[in-house]
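Right after this note come the structures.
What follows is chain A paired twice: with chain B in the first complex and chain C in the second.
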Partner chain A sequence: MNTLSILMSAFVLSLVGLGFFIWSQRSRLLSRSADGSEVIFARGEIGHPETLTPDRSLKAGAGTVDSQELLDRAAADASTAAVVFFFYCCAFVWLLVASAAGLTASIKLHAPDWLVSEAWLSFGRIRTLHLNAVAYGWAPMAGLGTALFIIPRLLKTELVGGRYALLGGALWNAALVAGLGSLAYGVSDGMEWLEIPWQIDILFVAGGALVGLPLILTLLRRKVAHLYVSVWYMGCALFWFPVLFFVANVPGLHRGVEAATMNWWFGHNVLGLFYTPLALASIYYFLPKLIGRPIQSYNLSLVGFWGLAFFYGQVGGHHLVGGPVPAWLVTLSIVQSMMMILPVVAFTVNQHLTLKGHLGALRHSPTLQFICLGGLMYTASSVQGSFEALRSVNVITHFTHYTVAHAHLGLYGFVTMVFFGAIYFVVPRVTGRDWPWPRLISLHFWLAATGIAIYFVSLTIGGWLQGSAMLDESRGFMESVRITLPYLQGRSVGGALMVLSHVVFAAHFVRLLIGGAGRTDQSSTRLSAPGAI
Partner chain B sequence: MHSETRLIFGGLTTLAVATAALVVLPYLTVRDTPPVAGLKPYTSAQLRGRTQYIQHGCMYCHSQQPRAQAFAPDARRAWGRATVAGDYAYDDPPLLGTMRTGPDLMNIGVRQPSDQWHLGHLYQPRAYAPGSIMPAYPFLFEVRDKAEAGETVVTLPPDFTPKGKVVVARPEALDLVSYLKSLDRSYPVVDAASVN
Partner chain C sequence: MNKPEILPQQRRENPDPEEGRTPIPWLVLALALALAAFGVVYISRSNLDAPAIWGDGRSAAELAGDKPAAGAKVDGGAIFTSMCAACHQPTGLGLPGVFPPLAGSEWVLGKPDTLAAILLHGINGSIEVKGTAYQGAMPAFGGSLGDAEIAAVLTHIRSTWGNAASPIDAAAVAAARARLADRKQPFSGGAELAALP
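On to the complex of A and B.
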């Protein structure tokens, strides 16, 4: 088969398949209006952003909001409080560990003789500790914690078997401690994203299964007819990740360049089919909640979801452009990378139309600021990623810091920002205490946003110059190194701001926990707009 | 959407399509590509060195995949011809790498055949490559008053030798260097991929 026919058939097959899926999921809805998007609101609640004190509001607006539904929501929150709290505490720890390791690695790239006496502090290891602490610590702990909070609310039922999730979370974290320990000691499976020894992966599998089980049991006991968009993303992510993780880590199964294609099938799908859906689900839930208005278009959500499910899984081969792997595979991945523009545009338009006319809410809600910035960065990083896959761009950016900048735009600018917002929303609801210093939330936001902006701009420019220098064989290789130095230093400055923002965030969380009784402050996680319940 | 069964079934189908393309087909077609004639299996010292290479994360800054002439000037940088699947037959796992913070190493054994260069460069990269941002690996060496019989003493440029001491390579450093020197894909390969 020649490349063109593979290209065309992949294209046609994808479109036909996507159309079929959307049709099959859509068919029963034809007779209904778009009320699928209203399922997250209690009757009469539309038009009112969610606040912390529903009971008081009930007195104020007697009869307008279905009080039973609000009580059900409170019961759902109560059933998840302990386990969500545990996941979030772990997320905070891994966030700090990961950012300290990341900043150390960043500084080492422009100060190569700093901290060289210990093997575990050398760049190759501390960088790997950073990646794994984010990939298996911060991101899944924050994401799963948020999923555990949202899913019972969406299904209007209590979490079933929360103690299994607690045990699973504990096992998962024990595995991560063991995994990071072995990486620091120098035991590694040797593939990016899959470094943790497979013996320890068994613990992750057991822990992950115990976390997933209650969510599936809860799904089966749902009290709503309609599954909201966030449930699609979170539900599928919880099935996708175990398949990815298991297939990728079976010892002895993968060899030679097949191991390399599998490596990037896994590496990219952890991002695309695990963190991304968890974060998108959070946006689909919190954004309408915080402005009190349902998602604009239910059909666009369907396109966004099935488009992601269809195309994202096949894009991993673009990490191997020019490599010793079958050419058809790389071409397929490039095609599907471009196809990803479709679901990304669907999501972007949908969010934009939903927010339209409600931008003023951004002033009052820090949660919304994080979520909106995250949503924008999803669009930015996805579109950037699609074009980065093209051979003409990839030949410059591949093997350079440009890719690192792109990865951080996605995993920090998008995923992490959304999880920050989610945590600000959820923590008061599971602890019964409000954030004591709302100004620290703004400080956190601006430090993190400025930090990632400096980080991204520096490394993007530096990476592009590096790639251009490497492509010009008349310039010595050392020139491609020297040219990046100021940008690597710039990255460390951005990174330091990000770390500082995390310290502020964590200190605020600790203050919330050890502070006095919950103080209700109108301006922190809720909207203070007049008339808001 | 009303049915969780259809949702999960749909989701797993899309993942199955992706897995078929990126994992199953490569498994069936390239997993067991036989070694190219001229490629030798690693010796045990080289394999121990390869473990060191993985342990210290060399692949996070160095690729092992020169690209074709038509695509990028890798060969003109003396990094070697484009590699093919059979070049990695003994590599478990393959260490293709994703970054070129440092140069490609697939043929470093050809470019730098000297043990002393490699040892000195690992001890202090800036001794041989001014401006390099590669970390120094002093923990792969011992600095002592004098070497025992049978030990490998690293000869460094004068500015980089500790005063009145000798730098002795630990076995890990010797293994790593023997792996680096084994990186040689300069033998010819006749393969559709490399011709293209």
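On to the complex of A and C.
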């Protein structure tokens, strides 16, 4: 058999298998319970949007009609409050570190003589510090913190072994400090996304395992028959990431072209199988929660989840288009990149159906604004990424700033925005204090949204011009560099707005922490404020 | 289980979400079929049997690239930027007292053969440039640059920063290389260079 028929039959057979599997899940062929997709929560409250006016009848209703639901939720929150708070504090620190490093790297691209006295401030290191502070600092701390908060709530039980998660979080952060230190010093493993030396990675593995353990123990103690879609995503992210991270960091296992293939298998999957599911799970939780309406289609949730799980693992090869790797591998990754449109559309349609007719809730809930913008950007960046994988587009965008713009649309426009929204919702529940200045939340939102818009538009245009110039034999290489200069400056402007929004965000958080303890008591008046979330 | 304190924030929020059972819209199913069809067509039309070392989607002819046409110009400015500018500076002014200037230098504007000799074999000793003595430590480039490249960079420095001396061609550099073929050491300084024919 030739390569073509093997590849074709593998593709078709696996698609048929996936379709059958999703159908069998839907038809509960593999389920022991009779009503796997039935409603799991006590009824009685569905149908009213997140209220913003002090409504005594509702308060009383929540207390009497459905008090068990509320009690379970309060018990779950009480068990996770300390550990979620710790993860969020770390997330704030790494957000600020990563922002500073990112802005510095951005400015250096159009002002190369700025801050050249120290080796660790050189572009090659400060950019790497930015990437690692986001990839292993901000995103996992915010994402795991949110997962630790949501999972016990959805399982209607308390977090088991929260102390392990605290210890794991501490180990993880110690590893990150050591890793960033070694990168700043110039010691690196030399592969993008995998720069941190493997000796330090052992600490990450230990820390990650300690964070994952309580969530598995909690899953075993669940008090619900049916797992809500958010739990699928978060549970799988916690299973996928250790596999990815361990395989990618075993020293001496992959060499040469194999190492490059593995490198992008890891680099792309850590986005799609770790950050993405954590953020999607947050959307699936917070969006229906905030508008008080169930997610409309369990069927679409199934397609979205299993499509992501099946297609995503194979798309990393599109980073190697044009490289000396077997053509079947790249072709398969391009096809699966396009197939990703299916789960993305399924997710988008599901959220759209849920939100339809309830857009008014957006005006009052800043959390919902962040979550909805994040969801839209998930659709945008995923569809863009699918087409970017096509050879005809890739030939222009590969090795240009266009790719950087795309990466930020995904990791900032989507993941980070969703985590911002999640933090705004969760912090009042774990601290018992409301955000003191609701206007600052709006300021944060608009600064961040404007910043990423400027960032994305200018780098996308600049990257496309750069790629076109590089393909044009009649123009020298330096022209393709010079042509990007105004767009790189535009990126720095957008980046500065984003950094400013993070400073506002962090300052607001600090104010909430050092503010008077009496906030809790004022919450009835807070409810009428636009910032009540 | 102790009855936990219920925060007002917890009390005012909606119950945890659940899922409805809206069927999959037929447009989504149609999209799934369309994407599967695209995958089949894309795989069947791709060239999978090309050797991996060619890279993806390229032929042997494309990879061979265009041979530089006979007489194609070598970019002397690019060579200067990558190999010379670290000491002599992009301005051609050097660093006072350490690296001699090229702008207005009598050696640069002087005899082409002597200038080619400096690049081919380097200098290790004292040399006077524009009235200032430098302890020269000029590396030899005869091993790393070809005749055409040396000619291009010499022509570049003779015609930049206000310099306006005649260009030097590859044949002249080749001749200098042949004449000095026996030399194994750098020149010992300005005196020895001045004595060259």
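The criterion applied here is as follows: the second predicted complex is superposed on the first by the 477 of 533 C-alpha atoms of A that agree within 3 Å, B and C clash if a C-alpha of one lies under 4 Å from a C-alpha of the other, contacts with A are read in each partner's own complex, and residues count from 1 in each chain.
Just so it is clear, contacts are C-beta pairs under 8 Å (C-beta built on N, C-alpha and C of every residue); 3 or more make two chains touch, one makes a residue touch a chain.
This is a predicted model, so every value here is computed, not measured.
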item: Chain B versus chain C as contact partner of A:Met191, first or second or both or neither; value: first
item: Touched partner set for A:Gly322, first chain B, second chain C, both or neither; value: both
item: Which superposed partner A:Arg153 touches (first chain B, second chain C, both, neither); value: second
item: Partner chain(s) touched by A:Val330 [first = chain B, second = chain C, both, neither]; value: second
item: Touched partner set for A:Thr403, first chain B, second chain C, both or neither; value: first
item: Touching partner for A:Arg127 - first (chain B), second (chain C), both, neither; value: first
item: First, second, both or neither for A:Ala260, with chain B first and chain C second; value: first
item: Partner chain in contact with A:Asp77 - chain B first, chain C second, else both or neither; value: second
item: Intersection of chain A interface sets (partners chain B, chain C); value: 257, 320, 322-327, 332, 391
item: Chain A to chain C touching residues, read off their complex; value: 2-4, 7-8, 11-12, 15, 37, 39-42, 45-46, 48-51, 58-59, 62-63, 66, 69-71, 73-75, 77-78, 153-154, 158, 228-229, 257, 284-285, 287-290, 292, 294-301, 303, 320-328, 330-332, 334-336, 338-339, 341-342, 345-346, 349, 353, 391, 428-429, 432, 434, 520, 523-524, 527, 532
item: Complex contact set, residues of chain A against chain B; value: 17, 21, 24-25, 28-29, 36, 108-110, 112-113, 116-119, 122-125, 127-128, 186-192, 219-220, 225-227, 231-232, 235-236, 239-240, 243-244, 247, 254-265, 269, 273, 302, 306, 309-310, 312-314, 316-317, 319-320, 322-327, 329, 332-333, 391, 395, 398-401, 403-404, 470-473, 477-478, 480-482, 485, 488
item: Chain A-touching residues of chain B, taken from the complex the two chains share; value: 1-4, 6-8, 10-12, 14-15, 17-19, 21-23, 25-27, 29-33, 54-61, 63, 65, 67-68, 71-73, 76-77, 82-85, 87-89, 91-103, 125-126, 129, 131-139, 193, 196
item: Of all residues in chain C, those that touch chain A in their complex; value: 1, 3-25, 28, 31-32, 35-36, 38-40, 42-44, 46-50, 52-58
